[in-house]
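Have a look at the structure below, then the notes.
Labels A, B, C, D, E and F are assigned to the chains in the order they are written; within every chain, residues are numbered from 1.
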Amino acid sequence: MSQELFTINNLWMMIATILVFVMHLGFASLEAGLTRSKNTVNILFKNSIIPAMGILSYAFIGFNIMYPGESFTGHFFGIGGLGLDLPKAGNTAEYSGGYTYWTDFIFQAMFAATAATIVSGAVAERIKLSSFLIFSMIYVGFCYPIVGMWKWGGGFLDTLSTSFYDFAGSSIVHSVGGWAALAGVILLGPRIGKYVKGKVKPIPGHSMPLATLGVFLLWFGWFGFNGGSVLSADPGTVSLVFVTTSIAGAAGAIGAFACSYALFKTNDLTMVLNGILAGLVGITAGADQMGTVDALLIGLIAGILVVLSVVLLDRLKLDDPVGAISVHLICGIWGTLAVGIFGNLASWTQLSSQLIGIGVIGAFSFISSFSIFFIIKKTIGLRVDTKEETEGLDMAEHGMHAYPDIKAAHDQLATL
Amino acid sequence: MSQELFTINNLWMMIATILVFVMHLGFASLEAGLTRSKNTVNILFKNSIIPAMGILSYAFIGFNIMYPGESFTGHFFGIGGLGLDLPKAGNTAEYSGGYTYWTDFIFQAMFAATAATIVSGAVAERIKLSSFLIFSMIYVGFCYPIVGMWKWGGGFLDTLSTSFYDFAGSSIVHSVGGWAALAGVILLGPRIGKYVKGKVKPIPGHSMPLATLGVFLLWFGWFGFNGGSVLSADPGTVSLVFVTTSIAGAAGAIGAFACSYALFKTNDLTMVLNGILAGLVGITAGADQMGTVDALLIGLIAGILVVLSVVLLDRLKLDDPVGAISVHLICGIWGTLAVGIFGNLASWTQLSSQLIGIGVIGAFSFISSFSIFFIIKKTIGLRVDTKEETEGLDMAEHGMHAYPDIKAAHDQLATL
Amino acid sequence: MSQELFTINNLWMMIATILVFVMHLGFASLEAGLTRSKNTVNILFKNSIIPAMGILSYAFIGFNIMYPGESFTGHFFGIGGLGLDLPKAGNTAEYSGGYTYWTDFIFQAMFAATAATIVSGAVAERIKLSSFLIFSMIYVGFCYPIVGMWKWGGGFLDTLSTSFYDFAGSSIVHSVGGWAALAGVILLGPRIGKYVKGKVKPIPGHSMPLATLGVFLLWFGWFGFNGGSVLSADPGTVSLVFVTTSIAGAAGAIGAFACSYALFKTNDLTMVLNGILAGLVGITAGADQMGTVDALLIGLIAGILVVLSVVLLDRLKLDDPVGAISVHLICGIWGTLAVGIFGNLASWTQLSSQLIGIGVIGAFSFISSFSIFFIIKKTIGLRVDTKEETEGLDMAEHGMHAYPDIKAAHDQLATL
Amino acid sequence: MKKIEAIIRTSKFEEVKEALSQMRIRFLSYSEVKGIGLEKAQGQVYRGTAYDADYIQRTKIEIIVAEEQVESTMDCIMKAAYTGEIGDGKVFVIPIENLHRIRNKAEGAAAL
Amino acid sequence: MKKIEAIIRTSKFEEVKEALSQMRIRFLSYSEVKGIGLEKAQGQVYRGTAYDADYIQRTKIEIIVAEEQVESTMDCIMKAAYTGEIGDGKVFVIPIENLHRIRNKAEGAAAL
Amino acid sequence: MKKIEAIIRTSKFEEVKEALSQMRIRFLSYSEVKGIGLEKAQGQVYRGTAYDADYIQRTKIEIIVAEEQVESTMDCIMKAAYTGEIGDGKVFVIPIENLHRIRNKAEGAAAL
């Protein structure tokens, strides 16, 4: 490969890295927007610390677990060392053709922390900060890279006779986060006041502009998430991925709009926002294998699914303030399945590989996250107490308000 | 062309696509910031659905109308098919040298929806959601690509003896949106309470941080909007475009600052923000043809024009909450004219071609948008009723508030 | 160099330019978030005008002072002309290999204005708008490029026997801004109500989401700030810079978190946010010379330093609402020193060159900024009067509120 | 002296203010209160679940007037705040024992 | 007629509302006030400096009731707002001289 | 017992609070109100049109005090809230018929 092509490929991968980085801001905004202002500092704090912890723990161990090297091909687990160590020729086209060793690491590191960020929204407004941070550290440091290794690190899902296919991580990233979100929600129970005397009481998020900003930043980042997963700047493939990703996101919006209008006769912005994300998660597993009509259908169905799932989870009294389970778990599964149904790879054998992958990843993610949460619950506890929850985590955990001027408008004006 | 150069060019065009995408977030933020909080969900909803609808309808028909193929060279109208269909060699340098077929489509698709987004701000706080969505669908699906075809699709404006010049769309994008904004504003009438007993009553926008965020995101996106319009990564041209664009935006800010300070003895942030956009719109038609001094003058004049126009429109009782007509229509026309006055192309013949383009595009855009709005008005109605407008579109159309914690601070705290 | 490689390099430099541009939005958000809502319009206004003024003045004179040409090698001051003038071959690989003349200018111009933006936060909530704008114009137009020329323009710091090293500007950008912030804070005095009867009274910033948005946008932009300072798209170096930058930012967050928790038993979001920036500023001087462990340590120490510095400045009654001095001055110095302590260049001779650079830059920056502020103070005055400060600069200087709906919720609802 | 308090529709406040100023009452204080009564708040829907806010935003006006103006002021408010539909609100009178203007220490009716 | 005013813990408002509606009092107005009293606000920390807000957010309830309901309404509020800890607040009674319903001009007790 | 209500400049609140606590009045409630009176709001300009908000943000203080403290409390407020310029506000006294402390059911003056 020419030095030029290597440089271009690497440039694109670095830009994709930056775009995936922005998704953390997207998650922070979305989750803050869809929860109450008394818990906003807490959400922002978690979403500021998680990427930091994620990058560091991924540098220390995660990257080595996820890409342990060729000697672990077909395995369930492997470890290639500790910390980062530039291999010989790690900065040349020999390393991979698409990127340097450093780019490889940093692109993957930005992905890693998203798994924990997905959980953050679902368990918001009631989980103890310290408990959540401990969970995230373990989950991002070990569980996520183990699953990632199964496919992307050359593990057993990659070496199935018909290889499990998950282009950019509908399962490997989104479902892994989604299962943990489900485990957390089950073990935590609903927020006080969400289900009263058998009835659902909506708890509206405090800022629709923040939520919208979050979703658009996530879509923005998704060009890097999916586009970067091509692992090179190949013009045809990356641009196709851009098209399928955009069409699926757009179709998700329309699907959720139509479905929620049909069911509730309302134009619910939060559903449209979730619909966009649903479409994006849905296309993620097969973004490079789909035609435009496939992408349209996958997105449309994802948009419908997410609305139905939000309503269903509320029926089941599973309280997920931001719809993380519906978006990332349900549509992550849908997207993974869709690879066997639509596009170039569609076939029964592919579908069964997809089912195997979904099953194995689901079992491992759910059991491991449930166990970690469970042990935390039995030891240091998982949930803040009632008084703290009522008053808001911002005061209880941080001793500060997100909008002090507004909470205390008078005080501010008077004193100063 | 070498595969390397093709890959670089295509990479830049893809990145430009992402940047133009972000402009939708910019518009959403700006429009939400410059209107009242009781209509914020409505604005955000429109600006979330429009890009989705825009991408899908442009995929289905718009792209085929705008670029119908060589057989329609010099025409007024053409259609190249339905839906997207990768041509042979569509992913190679043969397609264009600068980008693949997919990149071509997605870059253009991101542009398309902006025309409707421009309208959205001008008609905000009083238009019916359904009416607006129907209008946008038609306008983005048909009217915008028809105009685009005249120049960029090789139509009759391109084949004038001295070709009409509109580099990145001062007319073809911004004025097209601006004319429709004008038509909508005329047919809707002003917001209740804006003009009372012959006096202008300001209705300040609810969040200056949101408005500022919006303008900076738009500027950010404009690097892709103008820079991408080079249609390759050519170092000299793209970097010149970056310089002229930035200088014009900066000069627009200064022009608006100086003008509004001179007239009203006030440091009006919203005018400076509009000034930045004015400068950017102004340079758009000739960004690759101007020197730095030309760009400075174009931006400065645009910044002054926008302030005068905002005041003038208020005199005429044309109520445009966000200044969309002043920014996109007035400065779009100014920018198109400027190509005949400043820079490489300046000449009387060029100026007359510019005038022809402005006239033809204006006539078509205004008449078509006026007609569509008029038919909607006479059938399903254009405007919400007085009670709904007073209460806010958020409750009337969406049954939700943008900031429920603040609207209902007590309720939230008490219940939970 | 091949045209391909030149095009790629230039493309990366242009993208880095856009990223640095976004940092202005980051500063605007961060500063607005960490100050009170009664001064928000003022902050936003300053941060909208400064980049505009900065780009224009840098085009007119700054660029020519900072890069006066080879005839001034080793000098203290030089000037290469006025305005921008494309040199022969300015758009080809001959100009530099990494970028065109236009790219060179616009990348540097985006840097220039940051120096003033850094000051803006420290002097917020009490400085007169006009005084601040005059200061910024002079400081960005002359002082900043003079310092920049010493190293980046080939001046005397570059030609020291062991060259002073400041990769992307820990000293040349951040400290230069930080010293002026310190001068401004000293001459202005603290905000009314900050230090009462010898006790520190916290004045919390009004919006934690805005502050968080700002920091993430700054981190986002830092990929361009540091990555672009490679001045080419060289895969190995740029990707290493991405890794060291990210690790230092992450470590800064953890350092500040741990330190503020250890000292105050609280999870202070604003400290974590400052910690991220501290880590980023810290790594900036040596981002291309450090290993991952070096970056970790530099970031961690920066994160701790910033917390201690914030507390110390309060003890000294130096009132810096956003922590600009702690982040940009203290950690800028730390980062510059660190080049002599960690990484490839570590040595006593390097350390002494770093000390010389810090001393000379500090002396010049502090004295010049102090003098400018002092003259302004003695002539047109530096600070608004007590009534204006109490009421807020938004009303006093701009006659408008940042959130009129909330300040005047009733009025809005009633009238319309 | 009496204090007249009125709890009215927020959307009627401007009219009431106008009407009062027509009858030369140019002093008043008002604030936001939440009201529970016969009128029901508009339904809202959030993520598939319908609900109502269980209060309505209202404006509370407080005016101190001299004895002889009580009647006319109440009438004025009642006229201007009237729509005839449920939710128009209430007006009532509270005795005031003493009043001072802070600026010049004027007392009683002189302080009005 | 009397106006009962109660300044209670914001967190107790829902219970009080519920208790009142059980005794068929379905009309009331409430608003936010800030209270200063024995109870101290929770400590906050900002950038290394500890401080407290020097007030506590409270809810003020205003209900106009007929003479004969005064006693029972006060009791009801006192029971529902009770925690026994410092900061429970106060209830008090203010005389009302006249009351009108705006919608139909009903006066006095008939307007309740 | 009486309730003293004062409508003062928001910017004077801290001083009033301080002055009251000096005379050992440590209990009070306050809230934001909007005032219309002689003082005019500062002019604003938005997109080329000048206008004023037609109200001024004020702080309303409510304190219940025993009969014998009425006079001194009013004086204290009047002194601390004074600037001498138009817009200083008003203080007035409302009779209270009964008072309970919710925490321990104490009644009347004992509940203060």
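The definition used in the following text is that a contact is a pair of C-beta atoms (placed from the backbone, for glycine too) under 8 Å apart; a residue touches a chain by one contact, two chains touch by 3 or more.
Treat the numbers as computed from the prediction; the structure is a model and nothing was measured.
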Using the touch definition from the top, how many steps at minimum link chain B to chain F? 1
Can you list every chain that touches chain C and also touches chain D? A, B, E, F
Quick check on the interfaces: B-F is repeated by which of A-E, A-D or B-D, going by over half of contact pairs matching? A-D
Cα centroid separation between chain D and chain E, in whole Å? 18
Could you please state the distance in Å, as a whole number, between where the Cα atoms of chain C are centred and where those of chain F are centred? 45
Using mean CA coordinates as chain centres, what's the chain A-chain C distance in Å? 32
Here the gap between chain C and chain E, centre to centre from mean Cα coordinates and rounded to Å, is 51
At least two other chains touched by the same residue of chain C: list those residues. 2, 4, 8, 11, 15, 201, 204, 207, 213, 266, 268, 270, 390, 399-401, 406, 410, 413, 415
Chain E: which residues touch two or more other chains? 11, 30-32, 34, 44-46, 54-55, 57, 94-95
Can you tell me which positions in chain B touch chain C when the two form their complex? 2, 4-5, 8, 11-12, 15, 19, 36-38, 191-193, 201, 203-209, 212-213, 215-217, 219-220, 223, 227, 233-236, 238-240, 242-243, 246-247, 249-254, 257, 266-270, 272-273, 276, 292-293, 296, 389-390, 406
Which residues, counting only chain B, touch chain F once they are in their complex? 200-202, 204, 260, 263-264, 266, 268, 270-271, 307, 310-311, 314, 323
Per the touch rule, the chain E residues reaching chain A in their complex are 11, 34, 42-46, 53-55, 57
In their complex, what parts of chain D are in touch with chain F? 1, 3, 17, 26-31, 62, 64, 94-103, 105, 111
Contact residues on chain C for chain B in the complex? 2-4, 6-8, 10-11, 14-15, 17-18, 21-22, 24-25, 28-29, 32, 40-41, 44-45, 47-49, 51-56, 59, 83-84, 90-92, 99-103, 105-106, 109, 129, 207, 210, 213, 397-406, 412-413, 415-416
